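The next block holds one structure in the form of structure tokens; read it before the comments.
Should a chain be cited, it is by its letter among A, B, C and D, assigned in written order, with residues numbered from 1 in that chain.
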């Protein structure tokens, strides 16, 4: 199980655009693990840069340990193209379903961020409380697997039918909470998905603390959300965050 | 006191199955210390792979520093088989009593996880709030030493009679809280006990935050607990977690 | 984007007073990042030691990665004197406006400290609860960009007119909260601004916990704030903190 | 200011008992800094092993950086015996006053543990909620400098008269909270003072979380406090903690 771990910088030969996407995917996995958004579970994927009917995602590996050789190419229905015996994440349907429903989405980060989960099991709606989190959009929708599939599931999104249900609740939003489970975060790039996931987590922390202080909490107005997110989703700020977080996660050449 | 610390990879010669169990035990101790489930106290044991009347546990040493040479073989009544002058944990009765009462249990982790202790001293029942924590089962039972032994004890489980009382409250569950003290977590393997201990701790953190948000909290349904735990207690996911956590704790060859 | 990162100790040739200010600025950036006051965003500046109409601030770079070669000299209106193609922080108006309005201020730290932000979006006033935080003064004022510029802004302080509004709310205080955004901390030296920022953050943490315990909270009296801050703003204690934090951030020769 | 930092293992020649006490003092400082009980401030002292009218304490230095050459010998009135130009902590009166009033005390740790301070500014009494914290005794007394010296002090314990007032409130207890400031922890050895300080901090964290869960909180009974603390204050457990924490703080030869 360990042979691949040490070979961080020895991916198989791939076309430059694919090699780039895979490198970003590896870094994104490790950043989210280092930032505490991912623990031993959760997974990040990126749509194939040349073929929108495919995406790349690691084999079953803790995100903190993912290397380029772990990356498997998938069809949108979750069929591996180049499995080569590597174990797979079971919840591939989260990724494929969102890529099918949302052509604009190029990256998906499914995570169990501890700060975020409480907002999926209570009546308190997660919504932007500071400008950096404007990128989560307005009120974050919650998908409860029990609504469509009953209260005896294992809560996992394994079948494509279940993934489609999740994608339907996501709708045109950037993120969707999964009750008693975690969330799915999307981006037009891996950097964007990582950026949104980190600031969604921080927003959850700030929102809990604000409610604890009590009284009325002043959230961003819808117009503020629109204005601030428009600026924050431009590349410059995201690159600053990406470089900072990549260094912290050990990629000192970013 | 320090001579043994540096000799991490020089255990005495042992049969392969025993050497394997001891290596897992060392890693499990260090993982739980690194994950904050154990501090300088608490202890993890594993039942002897060939002799169910024996178990292995470190000598009195902080779990973060345990090495193979620290491991002592014990009879179920807490008598050391090969003490060789090493100081012992005093609460061996926790382990022996559970191994006696529960033939299915192969590993026990006694811990003072700070997130969990508040659920042993209040009326709020610890129960699964997200799928990963389905492995703790349903409502977690609480054992209060004062119920059977009065309110003047030192709260320690030193005598086998006290251990038997704890094991009785554990019953057929996987975990039991100890009022004003900590908890005991069981597993069919060391990896399973570690897995359950880590996600019990995370569940406690999430449950506190959810109650702080206020209003009704939606816990997993009993059927969801059964379905999700059935999948999570299979080896694949546990191995992913074990590898990730072992690396984080310094075992980069796992 | 990475070439400059490794050259921590190779600043361009500068006059000693300027080289000293820039070195302090680099250390201050990294201390505040290490202490969690700054994440990938926020920025620290220092007024030019010889020309009060100028200040120094890093180019657009995560504070944890700032090096001497990143430092740009600015006019108070935010015009770069020596940009040399480096990308800039957009919110320079925070710094210039405060330096204009407050001749006594020699350093400014704009930050998104997570502990502090909740006090800017609720009715709970941030004020000193322990002696170390007496340096934040009394009740900390809150500036809400919406009051003067409407509820459709991106919350950023980019135009000098907006910066002037912020500086007006700051008034003669040492710190000002920015609703839904963060805060601006001032100092008569970089060390002082860093000191105030760290203890403001800790005060926010302590104040939240105290309110959670419930009942009346005993804050410092106005006279205690005056007496304690007078002592704490003397150099000796600040140097002790600076040395400790600089070492923790990797500057072991301070 | 930095020359002494690197010379961790080059103390001046001293009698073995004194050299031992100073080595323990250095380790104790760094443990408490590493455990978050001390930040850049706070200080730990030890009574002279041969002369009860003297004690040892570092010069003005962040506890995380203290080395043997920083240690100054003091008379109980705070007069340095061997200052050699080194800057001093101003609050020496905390230490001298307690050593005078309590012949049984051999070590004092003054700290600003963030978890503990809220219990000094609210009506919630800090008291043992789990067995490890039985060492703090029963209800922890609070000393408010304003009671005797008015509400215009800087809250610092600089004059011996103020230290005597603090020692009076401490009485026969092991710890005393200082309103709006921190606490003073005593021990019969440095290891004991460190042990009590760490578990007082953890008790504060657990007690806050328990109150947040709401409803009645079950604390240890007075008899449980007496029984548990009697065992925990014996050397074996303390040595296990000391070794674990010393390793974590970088002293891998303990």
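Just so we're on the same page, contacts are C-beta pairs under 8 Å (C-beta built on N, C-alpha and C of every residue); 3 or more make two chains touch, one makes a residue touch a chain.
Small disclaimer: the values here were computed from a predicted structure and weren't measured.
**Student:** If you fit chain B onto chain D using the CA atoms, what's the rotation angle, as a multiple of 5 degrees?
**Tutor:** In degrees, rounded to 5: 90.
**Student:** Nearest whole angstrom, what separates the Cα centre of chain C from the Cα centre of chain D?
**Tutor:** Inter-chain centre distance comes to 32 Å.
**Student:** Just give me the whole-number Å value for how far the CA centre of chain B lies from that of chain C.
**Tutor:** It comes to 45 Å between the two C-alpha centres.
**Student:** So which stretches of chain D touch two or more other chains?
**Tutor:** Residues 212 of chain D each touch two or more of the other chains.
**Student:** Of all possible chain pairs, which ones touch?
**Tutor:** Between chains, contact exists in these pairs: A-B, A-C, B-D, C-D.
**Student:** Can you check the complex and tell me which residues of chain D touch chain B?
**Tutor:** Where chain D meets chain B, its residues are 129-132, 134, 202, 205-206, 209-210, 212-221, 223-224, 226-228, 230-231, 236-237, 239-241, 243-245, 247-248, 252-254.
**Student:** Considering only the defined contacts, which chain D positions touch chain C in the complex?
**Tutor:** Counting only chain D, the residues touching chain C are 1-2, 5, 39-41, 60-65, 87, 112, 114-115, 117-119, 121-124, 146, 151-156, 179-182, 208, 211-212.
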